[in-house]
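So that you can tell them apart, the chains are marked A, B and C in the order they are listed, and the count of residues begins at 1 in each.
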Amino acid sequence: MSSVLQFVINGLLVGALFAATAVGFALIWGVVDIINLAHGEMLMLGGYVSYYTLVVVTGEAVASPALALATVPVAIVVVFVVGYLLQRLLVAQVLGTDAFLSLLVTFGLSIGLQQVALKLFSADTRRIAVEFADPSLTVGGFVVPKLKLVAFAGAIALTAALFLFLQRTRTGRSIRAVAQNPEAAALVGIDVAHTRAVTFGLASAIAAGAGAFIAMILAIQPQMGLIYTLKSFIIVVFGGIGSVPGALVGGLLLGTVEELVAGVVSSRWTLAVSFGLLIVLLIVKPDGLFGTGVRE
Amino acid sequence: MSANYTRRELLGAAGAAGVVSLAGCSGLGGGGSGDTIVLGGTMSLSGDNADLGKLYQDAYNLTIDRINENGGVEAGDGNTYELELDLRDDQTDASASKTTYQELIQRQDIDYLVGPYSSTVTLPASAVAAQNEKPMVEGGGASPEIFSKGNEWIFGLLPTANKYALSSIDMAMAQSSPPESAAILAEEDTFSQSTADGVRAKMNDAGLDVVVDESFPTDTSDLSTNLGKVRDQDADILILCAHQKHAIIMANQMENQDVNVDMAMATVGSLNDAFKDEAGSSGNYVYGPSSWDINADFEDTVYGSTSGFADAVSGEFDYTPDYHSAAGETVILTFKQAFEQVDELTPTNVRDAIRRIEFTSAYGNIAFGDSGVIDKEMLVYQWQPEAGKQLVYPENVQQSEPTYPTPTWSER
Amino acid sequence: MSSLDTSLDRLVPPTRVRAWFEFGGRHAWTLLGVGLLVGAVVPFVVGDGFYLSVAGEMLMFAVLALSWDIVGGQTGYPSFGQMAFFGIGGYVTAIMFRDFGVFWPGLVLAGVLSLVAAAVIGAVVLRLRGGYFAIATLGILLTLTEITRNISITNGVDGISFLSTLPATTFYYVFLGLLGVEAGLLYYLSQTRFGYTLNAIRDDEAKVNAMGVNTTYYKVTAWMLAALFTGMAGGAWSLFNFFIDPLTAYNTAWNVELIAMALLGGTGTIVGPILGGMGLHAIIRLFVETYFTGWQLGLLGLIIIVTIIVVPSGVVGWLEERASAMDYYEHGGGAAGEESGGETGGEPE
């Protein structure tokens, strides 16, 4: 029993990062009406920006926790710009066409970015080594790596920040207006194209933040993105399109399910269970748990 | 329109193809044109394991440049040839492997093939080599499947995967407090699963209690739950059958998960600089197998000796070579040696020469067994905090004693 | 824009394009026969080896793109899991050849099992639309990959490999035959109620439903038809390639590639996916992989993006638009999506 709880803890810790990745995916889908298959690549880019910021500034990829955390905003800002431009220059071209055309364009983008990353950063696995005096915490017999706890808090903070931004700020309200009805939003004077690009940028930026944390607790590689895109799919289908709370709950739950499968059954079945879950969710509950429902 | 257009296009393409294949026939017999012999093949330059694929690419190019600078290959037919390499990116994807090798053989007229890194990509490639009767020498694909089909045209420099981790188990069993229980974590790919098969059999023979035996998908980047099992089951030794990415993650997460074993070893990618750079201090005490010892000085016709090769690589690229690099170098040298021994350069003659070949290179003593593999026992290395990477087993060649058991994280 | 239109008018006058389509429509069966004849001669010209492999794969991708288009282009259900049936077929023949040394019964079984799998999967996923359908089909592809990795009859991650199978020409003719039969069948169907109904489902499924038509029947039948040809193509491919493993069998990248092929040629037509499949594969194999090694992924991405942005209706679709350029202006740009099956002659080469 206690080991089952340990699996749940492991799952929640990593699930928060899935959630932070998936909120952006949900947002783009909800607001821009694009299923962004290059979302995982934004996460990958965030990881590399964070890594290279550290290497350029300090000369090595080893950092104190504070220094490592300081690279996260850099990743967020840089990838925000990348996301904004991608939406404006490329993705906007296929808006309003068949859903699968946008899927293909973003897939093309995804493999293109992987290739560029491979040429720029090489295929070597990279990570940011964060030095803690005592790296893990033992609470009541459960092992909790401190760094993962930091990443967990960071991911939750990113997600919460996005939620508050959408609820409280003027731009956030424009974004929600565009999600509900672009024509009406345009009528009341909202620059729809700009708002969509900001949405794309924000979503990419949150993923980039998650990527920076992943560079610290796990590792980064040019081709790492796809699996995070797929996980985001599952989470968003579960939580509902455009729903931030849905993505948060979905992410935590997916992490937990995966680690429980890995722990109780075998890690060789984690992906099969996740993908199977995706299909079942689509069939049984296509509206999502918190979502706006299937529009078509 | 489409009808006319396509028909014409197809006839045109077919005509062109015919001309090319006729040209190919008339040019038969010479390995490449003029005074150049072209070696051709594919490598994992993108996709999974591209980090290791680069080591081969570098070694190939450096060695060929050196050979050409030194005047080329003086072949047994009395001519001197320069070497050239046509190396393609196979993206670690087996679906294009067959046609790419057919293309190298037919369109590029290449008679001598270098093999891919990935075992999966090597399987169809080696079938093409056999059907076209072109010798293929490879320093990568080590799955036993490749060599168990009676293919007479494939030669591999690395021991087969099932042998990778055996010496390390021998080493552990030879310690004063030998392990009683063991854990296996294996990536889900052909190579790693073969490695795990070998490990499992060996552990049974040694009477070890396998308390954790898990496989995980290549995409997995979080091993904490599996490592948690290793900790909770109190395994004495841990063998990770996987590649570089997972080796780095294992080292890092063992610290975070407070996993203490007497020996932690990763089968691939735990001995090069990239591993130690990324794993940092958590990479200390990790073991890894190698078919090659950088300090065992063998004579080498191109670099003078093993140390000459090591210096050349670290001078040209900023890393220390590991066995992947040395095997890559010797792929080229095997062909060079074979070219020098044949009276007439034909694929069959060269294949027969490779089969009989006996020479030394930076990689060691080269002689291929009946199945086409160099049957070596793996050496075991350990990263030690003070001395760095040390050869620790077998004892008669060891640089220093293994630090066994590995100190616990709290003791470090 | 207008000067571009004028020069295009001079280069490809709508009347001439229309004449081509009319010619193709009148002589479709003859053209199909001629195409098959030309295809049958190819092995005698190119011999065995690389060029035969490429020619065979070109035909195979034409079959795959055409099959995808039955559901993706004609019916409006873009599947990202078409390769599921390719994998099933591929494994069936590989296992039959490994265990019993036979090919033809394996090929038949590959078709049968693909049909069965399609009936089951189709009944479930064809209830979804748009992005949801795309994701569900992708999920099926990935789930099958994982299952295949973890069961023993498929030999897990090791896959099944052979040193030699049957002569490559055998598989070439299987691909040619599949393409001929499929193109002929689709051309025939395009002039029947079945073909019209599929297109109507694509254009407005709710309306078709409201007319009392059982759309599920049509969708699942189309899906099964696509699976049959895809499964048999996969069945021939695994032995043609000497090797099959979970990643090559359920190749996600190929799934996207074949969608790109159908798009490039022109979805919703018969000639389009065939031309797209053969053309794009020839470009990749004869050109990109040889001269741009290390950049394959990036170039494929670029090709996909440029195609979608520049010629979203594909080459054949674009020509169709030219053919009806006059009507097009009159209808205020709404005619682009109109498809009349008889217009596009079915010929494979």
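Everything below uses one rule, namely that a contact is a pair of C-beta atoms (placed from the backbone, for glycine too) under 8 Å apart; a residue touches a chain by one contact, two chains touch by 3 or more.
What you are looking at is a predicted structure, and each value in this text was computed from that prediction instead of being measured.
Colleague: Using the contact definition from the top, classify how the chains connect: line, ring, star, complete or other.
Modeller: The chain contacts form a complete graph, every chain touching every other.
Colleague: Applying the document's contact definition, name the chain pair with more C-beta pairs in contact, A-C or B-C.
Modeller: B-C is joined by more C-beta pairs in contact.
Colleague: In angstrom, rounded to a whole number, how far apart do the mean CA points of subunit B and subunit C lie?
Modeller: 38
Colleague: As a quick test, compute the distance in whole Å between the mean CA positions of subunit A and subunit C.
Modeller: 33
Colleague: What are the residue numbers in subunit A that touch two or more other chains?
Modeller: Subunit A, residues with two or more chain partners: 114-115, 268, 271.
Colleague: Hey, what residues on subunit C touch two or more of the other chains?
Modeller: Residues 146, 149, 253, 297 of subunit C each touch two or more of the other chains.
Colleague: Can you tell me which residues of subunit B touch two or more of the remaining chains?
Modeller: Answer for subunit B, listing residues that touch two or more other chains: 46, 188, 217.
Colleague: Once bound in the complex, which stretches of subunit C touch subunit B?
Modeller: 16-17, 20-21, 23-24, 27, 31, 34-35, 38-39, 41-42, 45-47, 49-51, 53-54, 57, 146, 149, 156-159, 161-164, 241-243, 245, 247-248, 251, 253-254, 271, 275, 282, 285, 289-290, 293-294, 296-297, 316, 319, 345, 347, 349
Colleague: For the complex, which residues does subunit C have touching subunit A?
Modeller: Checking each residue of subunit C against subunit A gives 72, 78, 80, 124-125, 127-132, 134-136, 138-140, 142-143, 146-147, 149-150, 253, 256, 259-260, 263, 295, 297-298, 300-305, 308-309, 312.
Colleague: Using the touch definition from the top, list the residues of subunit B that touch subunit A in their complex.
Modeller: 46-51, 53-54, 188, 214-217, 219-222, 224-226, 228-229, 231-232, 244-245, 248-249, 252-253, 255-258, 274, 277-278, 280, 282, 409
Colleague: Name, in rising order, each residue of subunit B that touches subunit C in their complex.
Modeller: Residues 1-3, 6-7, 10-11, 13-15, 17-18, 20-21, 45-46, 87-89, 91, 93-100, 102-103, 105-107, 120, 123-124, 127-128, 130-132, 143, 145, 149-151, 188-190, 193-194, 217 of subunit B touch subunit C in their complex.
Colleague: Where on subunit A is subunit C touching in the complex?
Modeller: Residue list for subunit A touching subunit C: 29, 35, 90, 93-94, 97-101, 103-105, 107-112, 114-116, 230, 233, 237, 268-269, 271-272, 275-276, 278-279, 282-283, 286, 294, 296.
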